[in-house]
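Letters A, B and C mark the chains in the order given here, with residues in each chain numbered from 1 onward.
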Amino acid sequence: MTNSPIVALHGTPAVAGGNAPSEICHSPLAPGGAHVRSVRDEFHGDLLEVSMGPHHPSTHGVFRMIATLDGETIVKLKPVFGYLHRNHEKIGENTTYLGSMPYTDRLDYLCSMTNNWAYALAVEKLAGQPVPERTEYLRVILAELTRLLNHTCLAGFLLQDTGASGTPLMYAFREREKILDLFEALSGSRMMCNYQRFGGCRVDASPEWLEAAKRLADGYNEFLDEYEALITGNEILMARTQGVGVMPRQLAVSAGITGPMLRAAGVDYDIRKVDGYGVYPRFNFRVPLGDHGDTYDRYMIRVLEMRESIEILRQAFAQLPSGPIMDPKAKIRGFKPKPGEAYGRIEGPKGEIGFYLISDGGANPYRYRVRPPSFINLTVLEDMCLGHSIADAVIILGSIDIVLGEVDR
Amino acid sequence: MTDSANTPTPLSDADRDELRRQGILLTSLEELYNWGRSHSVWPLQFGLACCAIEMIAASMARFDIARFGSEVFRPSPRQADLLIVSGTVTKKMAPQVVRLWNQMPEPKYCIAMGACAISGGPFKQGYNVLKGIDRYIPVDVYIPGCPPRPEALLNGLMTLQEKIRGQKLTGPNAPRHLRADDACEYPVPEFGETDLVPPTNPEVWQPPTIVRPDKP
Amino acid sequence: MESLEQIRDRLLSRYPGAELSILNNPSPSAQHSLVVGGSAAREIAAFLRDDPALQLDFCSNVTGVDWPDKEIVETTRTTIPDPAGGPPKLVEQKTKRIQPGYLEVVYHLYSMALKQGPVIIRMRTGNRTDQVTLPSLTPVWRSGEFQEREVFDLFGVVFDGHPDLRRILMWDEFKGHPMRKDYVEPDDYEWEPTPHDEVLAKAKAHYPAPAAPAAPGANAK
């Protein structure tokens, strides 16, 4: 490999197919999606610049990365963002506080319930709004169901990325549909629940709903056993993921990694424990930690977290008090918090999801900022991919668990 | 076989059923051709935003898009017949979508799935959001919803199949790919300083006239 | 954890002459913040990260805030004693002044080692046009890498010492910083069947008035 500097790898217009059609051929490694252009003479054909995405089957949406390859090995990798930049923050500054609630659903569209909670928490901090106990429990129940849903889908997508096309994802989506049915029964919508309010939630859970949710939580371990029997000990998965994409602890902390990725690197930091928001301090649960920080650990952490979530759900169903779901003093119409600011954060399935709000006393937030976990988790993508082959980059990206609605907002 | 465009209603359905009972299958080339096309619409494996998750859900066991012959999601536009624009098209992404559309071979169809793909949807105030993909490429079926349920996508697909089955092979109403004047290539917009250049493709989309019956 | 005043005093004893002030947050969240002058910001940040009592090793959130120029009307009241011996007169004087705007970058710091936080630090630019350079804190916390790029892209704060400062969300040819309060977005609102208010004004300006009443669905195809 030559040591000549690689210039102009970025800054070129974001073009999926290259500029000149004659230079395009399809990569043999990633059929169909990756467009490869050989780098010209000064590299003696040694380095290859591959633009993966924004339309690529394995980038989980419209993510793009520009990888420089020496043979099959990645020597440089630059992510390119913005293909789903929907101006969430600008719109949030032009609508009322409550008006932004449905938009938070669409941030990380797999986990609308936790996004709702994070936003409600930030506004409640800003306005000093208490929340009734029953709602706190409902929030925990819904957040843990969301965690189950998200981690299940992630496991399915990760397996899809390793080439197990279809089947594991089918299993995952089978379970997802069951949870979505619960969400739909409660909130009226499968994906975009728009459920939390400042100082409460929108509708109460009926006893039948709780019964159904309890049944699901009780049966979930069975599904996990089945899934793990298929996958966890699978030789191909181990060969593809163990030792791949190792993230050292120091780097993880400095780069602001949060969520299962951080804990896979062995850092004990779970906001449910650290901040103890809501009623989490009342539950007994463990925080799984990884030793190696590789892709396999990141997969395992999620499976273990799901098992802990089931425990939390069981305890929450047992302790759920009756009572109102909305604070009687909570203001819905004409909600105008006093000037000030607040940052509220929770442990979402993907990491720390936080909202930073500045109020100038008006009906709209002066500044509305989302702290997107998967965007910040991508900071270390290049570090994890260097030295691995391009096929591994796909798995490493899959194990970060990104959702583009949140990355680009 | 006859060309049905020239011969008005060669056989009634009842006649045909009677013949079928006798073991004789009569059809026209047009019907055969449209039947074949409409039942193997292969979509491009291409997700943009939240709606894409529902598109994936539609292809999974519960909704099973395979019942309609469309389970083969192709990763390459060269092998796909159907572009499901499933989600918000941002201005940064729009040139790529048009380029994918150009790379698909005819006959090809486009479904705008969800409010965003139709008009920008909830994000239409956004400075980086394209207010509907029909500003650049022709759309066959619009599916409203945010997100549309998987059933709605299936319904959209059936609507598309019906549309295909109703197409004539000759004459002025022939589908795009059978006409000589077909614009196979749609111009790809460029990035400008504040917006895409051009902001719309006037061949495909014109600003609609505003009708305000009460206020002139 | 130490209070913000204690942290400030410790910093001041360590870096005499550093511009440090505390911004009080009147809301019930009571998350007060430390306004740091640009010049010594990176050393201060490194101190906050490495100090054994704080160990703020986790920079969670980096964000920009735009504060445009504000016109402030000040009322001064003076009482003039009446020379005739009557009650003193109250004279009100209104003065207008323009408070210059600035861009602000806010960092939310936590400690993963000690599990405490947040400590919020803010940096402010001189104005919104030409003095928009601030020291980058990415060398201290890697997590700023993409977030500072985002602030650069959307707000136009230039981070000195950032390893790779480019636009991140918008395309490279894009001009302007869309998250600033005075950004004017391109006028491409979608047609609505029943436009009203702003949308109607925009629609009237943008689309030609109908020559003859056409069907609402006569959307050219």
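In this text, contacts are C-beta pairs under 8 Å (C-beta built on N, C-alpha and C of every residue); 3 or more make two chains touch, one makes a residue touch a chain.
None of these values were measured; they are calculated from a predicted model.
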Per-chain CA centroid nearest to the all-protein CA mean: A
Between the pairs B-C and A-B, the one where more C-beta pairs touch: A-B
Approximate Å spacing (C-alpha centroids) for the pair chain A, chain C: 27
Approximate Å spacing (C-alpha centroids) for the pair chain B, chain C: 44
Whole-Å gap between the CA centroids of chain A and chain B: 31
Chain C, residues touching no fewer than two other chains: 169-173, 178
Residues of chain A touching at least two other chains: 13-14, 82, 85, 87, 90, 408
Multi-chain contact residues (two or more partners), chain B: 92, 125, 127-128, 191
List of chain B residues in touch with chain A within their complex: 45-50, 52-54, 56-57, 60-62, 74-76, 78-79, 87-88, 90, 92-93, 95-96, 99-100, 103, 122-123, 125-129, 146-147, 149, 191
For the chain B and chain C complex, residues of the former touching the latter: 91-92, 119-120, 124-125, 127-128, 131-132, 138, 191-195, 199, 204-213
Touching residues on chain C, where the partner in the complex is chain B: 169-176, 178, 183, 185-186, 188-191, 195, 203-204, 206-211, 213-216, 218-221
Chain A to chain C touching residues, read off their complex: 10-11, 13-14, 81-82, 85, 87, 89-90, 125-128, 251, 253-258, 267, 269, 274, 337-345, 352, 354, 356, 358-359, 366-367, 369, 371, 375-376, 378-380, 408
Contacting residues of chain C [partner chain A, same complex]: 25-29, 31, 57-61, 63, 65, 106, 108, 112, 115, 118, 120, 141-143, 145-147, 154, 166-173, 178-179
